[in-house]
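Beneath this line is the structure, given in structure tokens, with notes to follow.
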Amino acid sequence: MSEPTDFEEFLKRVVTIVFWILLIVPIIVLPLLFFGSEILQALQLLVNANSIFILINKAQNPFLAFELMDSLGQGPCIATATYQPSAGCNPTFFRIVIFPGFTFVALLTLWLGWFERKLAAKVHMRYGPLYAGRISGVLQPIADILKLLGKELIIPAKADKPFFIAVPLLTMGISAALLTLIPLSERVYVVPPASASLGLLVLFAVLGFYPIIILMGAWASSNKFSFIGGLRALHQLVSYEIPWFLAVLGVVVLTSSLDPFQIVRAQSKIWFIVPQFIAAFVFLTATLAELERIPFDLPEADTEIVFGWLTEYGGMFWGILFGLSPFIKLYVFSGLFTILFLGGWLGPAFLPPEIWFILKTFVVITVIMFSRVFNPRIRIDLLIRVGWVYLILLAVINLFIAVGLKAFGVL
Amino acid sequence: MTSVARSLPFPTEVIVGDKLSISIGPQHPGSGHFRIIVVLEGDIVSEAIPDPGYVHRGAEKMCEFRNFVQNVPMLERTTLPDANGIIFPYILAVEELMGIQAPPRAQYLRIISAELNRIVSHLYWLGIYGVFLGHSTMFLWPMGDRELFMDLIQTVGGTRVTPSYIIPGGARNDLPDNFKDKALKAFGYFERRLKEYDRIFFSNPLVLKRSQGVGVLKRSEAIALGITGPNLRGSGLKSDTRKDEPYSMYETLDFDIPSYPDGDCWARGMVRFHELYWSMQIIKQAVEKMPSGPFRSRLPLLTARAPAGEAVARTEAARGCMSYYVVSDGTSKPYRVRVSVPSFRNMIGIPYLLKGGHLADVPAIYWSLDYWPVEADK
Amino acid sequence: MVAPNALVGKVNEILVQAIGEPLRYLVNWGRLYSLWPVHVETACCSIEFGATHGPRFDPERFGLLEAFGSLRQCDLLIVFGTVTRKFAPRLKMIYDQMPEPKWVIAMGACAITGGLYFDSYNVLPGIDDLMPVDVYIPGCPPRPESVLQALIMLQEKIRKSKLR
Amino acid sequence: MSTSLTGEQGLADAVKAAFGDKVVGIKSKSKRVKITVDKDILPDVARFIRDNLDFDHLISVDGTDYPKDNTIELIYHITSIEKEEQRKYILSLATKLPRDSPVSPSLIQVWPAAEYHERETFEMLGVTFTGHPKLEKLLLPDDWLDIPPLRKEFRLPGR
């Protein structure tokens, strides 16, 4: 190793500056450009005491949020004002940030963390979190978040600083981007039906960033265990994306559409889990691998490589990378399974469709969580073999079934 | 004192050649108080160097400064999961030197306490083996059921892990009256649980994938390397000190030695799994056959002297053949105590078996040998 | 420089009183229910810590997770017993690598004074000069109940501690 | 060639017959045989014991320091696994080394299991084994500069 020359030093600085610009523009500047006016308007409405007063008056209604969205223009309140296009305010901001976007899912996932611990504890014949928050530890995730916020953020001396910091931010951005493509129902969505005709394709495209970001974090940590974990994650995510796409392709063939709304509408007669049960199995298995959950948690296999690519991340960085982002991903993938195979928000009319969607997603999440308590971790060579041989084979067989069903006009 | 800590050297990284070498331990979720320096070529381990000594407390030297009886509590702390098993041969050797004979009831009491500790030790092994493979339920179930046997040990010896129950001349106290009912109740429950363990862990297809054909130790290699205990029996050899050289009253009891010919991690695990069952059978028989009478010949004095001489004694502890070589020079303190522990003998298997395996198999192979670093370091 | 306005100082004091105390309570509340231990085993007391993690004692009730992977995410260092001369520099290194705020529990007689191995040539008489210790658990080895009691004592200590 | 054995005396006689006067002393009691030999013929006796008497399973390597006789006694404890009727015996193969320069041939070629036992004896008693591939510190800390701790003149602090 020789000392870096002045030119190398200069190049390094230029690259760093370009990197920060590239990072800050999509995360901060672009949202401000697009939603700046909406944010200002929302703030103005927030300070309007009259609107809050009306909101409180309506609080007795249990389906307040849905009703407000359904019956637009009943008066100047926050929800209607931010939602109603005619009021001069674009509803996109509200949909992305609050409901059914980031805040709603973040709160849901916070609670999912508690639920998973309690579920595992039940199988293990113990209590799980119990004392934080009096009632069987429901505030346990809040305590964890508060603690993580107060932790010292250590950036290793030999780490590549900009990349090291960028990875949690980018992961959060991508999780939020994935969320936008999961509609809760025909009326509660982030991306409206008119522009969702290529919804699944965009979802897959966004998902393709994950391996690169993970490898970036692993490399920037400059730790041997991180490096091995990053390579494992790269192998695993890339090999399981293919059977995953192929499984979805069966549904796409049956409905001739990439639009989640169209796919759900096509399941009004029969849920696709019946004709496409192989695809559902392949999709669920690949989902486990994509989520890095046991039995496929090789990138963070703690007894082998400490914490894999997350070894050097602590504090809130870790909170985002291991707490928030995987649970948002879990919600997205379970929601996608619901849309593709379980008929989305379709269900008897005694419950609103949004509730049906959340219930079904919740069932899928429980199934995914249960795989954790009954299975050991598998080895990387077995993992790659399962992905490239068995799952792809099953997915192709399923594709033929789908084409056959379509050709003979059964569905 | 402060200067001792200040003068300690800063630990340096071990680099072997130009290959990627990682230290598994001493702070690592996949190791105990022990370090394995693993040299990697891709995902394949090309060399593994064990680095013990993080818990070396000099028990052998300290034995020379303590009386024969004072050594009992000190030596049993080298293997807390198997405290009665590790102290058993020391007592046999000291009794041989002193010329004491334990009464028959004490012989059975020793068998009961040693077998209870074997169950506890194997359950601890099973729990850690489960979590090393990433199976969280298999950590918590054995740890929960282990408490039942902990209660039994507490009933017999008074404390959870350090009973000092076996002493020169017999056992420290008699069995309480309620022991038999309590033990039979626990065994009845645990025999049902063993089936569930088999269903969730030993028959789990992913566990089979992870453990079958991994870390294969052939029969001839096992003998040459001096491997002992369940690891030896996992390589197809039916060798157990309880049958080879019956001590105490093991010759009066009817039990089987489980043995599997495969020699892989799964076989070693299954041997221990079956030993759980057979240990319970041994305790049941011992409780039935135990004669009434004194439970110790006489309480040994703290300054009891042993005539000059030497003795070698061995028993089957949970991890394998445990032997002591005790030399006495006629005083009340031993002249030399050599503690030959099964973990130290099995350590040679770690570099041998890890070589050529995957990185992911390192914790599985390491713990399938049931290597307890505190015991090996002494 | 302008001399500090007395009024501003008063407002500041009121604000500290109004916000500081609830904030301290909130942050400490989060910390005390979310203590994640380092997975480092120094000696034989680790077996009783393993038993503490079993279903009968279940420290996850108090927010103590199962033995955890990386040092960067841990808050609590429990020293299980004997620290030898070979292990002591590594233990110091482990403590230095953990992010603030962090706490140390010395478990067992060996970690406090050297215990049974007081005359050994390779054992440190306690860990006091390696790192500051918050709670000592006597016993050889301590029972799991004592470990839980030490945990509750540490929680009380955090609850009353100043905001860091 | 396997000798027919009748108990402890048979084992002792077999060794005596093969090596004659070079065997310094033989002690035997119930199930235990101790053979003391000169250190020059240690590998030959070890090979004879392994091949002809089927003692193939090394239990441990011990060393004891005797400052009075100015010797260090090195003992290999061996048992048999392949021959089931011989499993109950423990054969101790001993040799006496001078205390100021204890050098002994390594028996790692005869019993590969001796590798770590001999390393431990090296650092605990200062016995050098010629032919051992890696004679380094095993259990003691890296900065250990004192005399080997199991020598009798090494005193514990406070004792």
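So that you can tell them apart, the chains are marked A, B, C and D in the order they are listed, and the count of residues begins at 1 in each.
Here is the rule we go by: a contact is a pair of C-beta atoms (placed from the backbone, for glycine too) under 8 Å apart; a residue touches a chain by one contact, two chains touch by 3 or more.
Quantities reported herein were computed from a predicted structural model and do not represent experimental measurements.
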- Fewest hops from chain A to chain C - one hop per pair of touching chains: 1
- Note on the structure: Max Cα-centre separation from chain B goes to chain A
- Task: Please compute the C-alpha centroid of chain B, do the same for chain C, then give the distance between them in whole Å.
- Result: 31
- Centroid spacing, where centroids are CA-atom means, of chain A and chain D in whole angstrom: 65
- Note on the structure: Per the C-alpha means, the centres of chain B and chain D lie apart by a whole-Å value of 24
- Message: Distance between chain C and chain D based on Cα centroids, please, to the nearest Å.
- Response: 48
- Give me the residues of chain B that touch two or more other chains. 8-9, 28-29, 53, 56, 58, 61-62, 65, 131, 136, 140-141, 144
- Do you know which chain C residues sit against two or more other chains? 55, 68-69, 84-86, 119-122
- Item | Set of chain D residues in contact with two or more other chains | 140-143, 149, 154, 156, 159
- Query: Taking touching chains as linked, do they make an open path (line), a single closed cycle (ring), a hub with spokes (star), an all-linked set (complete), or other?
  - Reply: other
- Chains grouped in pairs wherever the two touch, ordered by label: A-B, A-C, B-C, B-D, C-D
- As the complex stands, chain D meets chain C at residues 140-143, 146, 149, 154, 156-159
- Residue numbers on chain D that touch chain B, as the complex places them: 31-32, 56-60, 62, 64-65, 75, 77, 81-82, 84, 87-88, 90, 92, 111-117, 120, 124, 137-143, 149-150, 154, 156, 159
- Message: Looking at the complex, which residues from chain B come into contact with chain A?
- Response: 20, 22, 28-30, 43, 130-138, 140-141, 144, 200, 204, 206-207, 209-210, 358-363
- Item | chain A residues touching chain C - in the complex, by the definition given at the top | 117, 121, 124-132, 137, 139-140, 142-154, 300, 302, 306-307, 310-315, 318
- Message: Please output the residues of chain A touching chain B within their complex, sorted ascending.
- Response: 120, 123-126, 224-225, 228, 294-295, 297-298, 301-306, 372-382
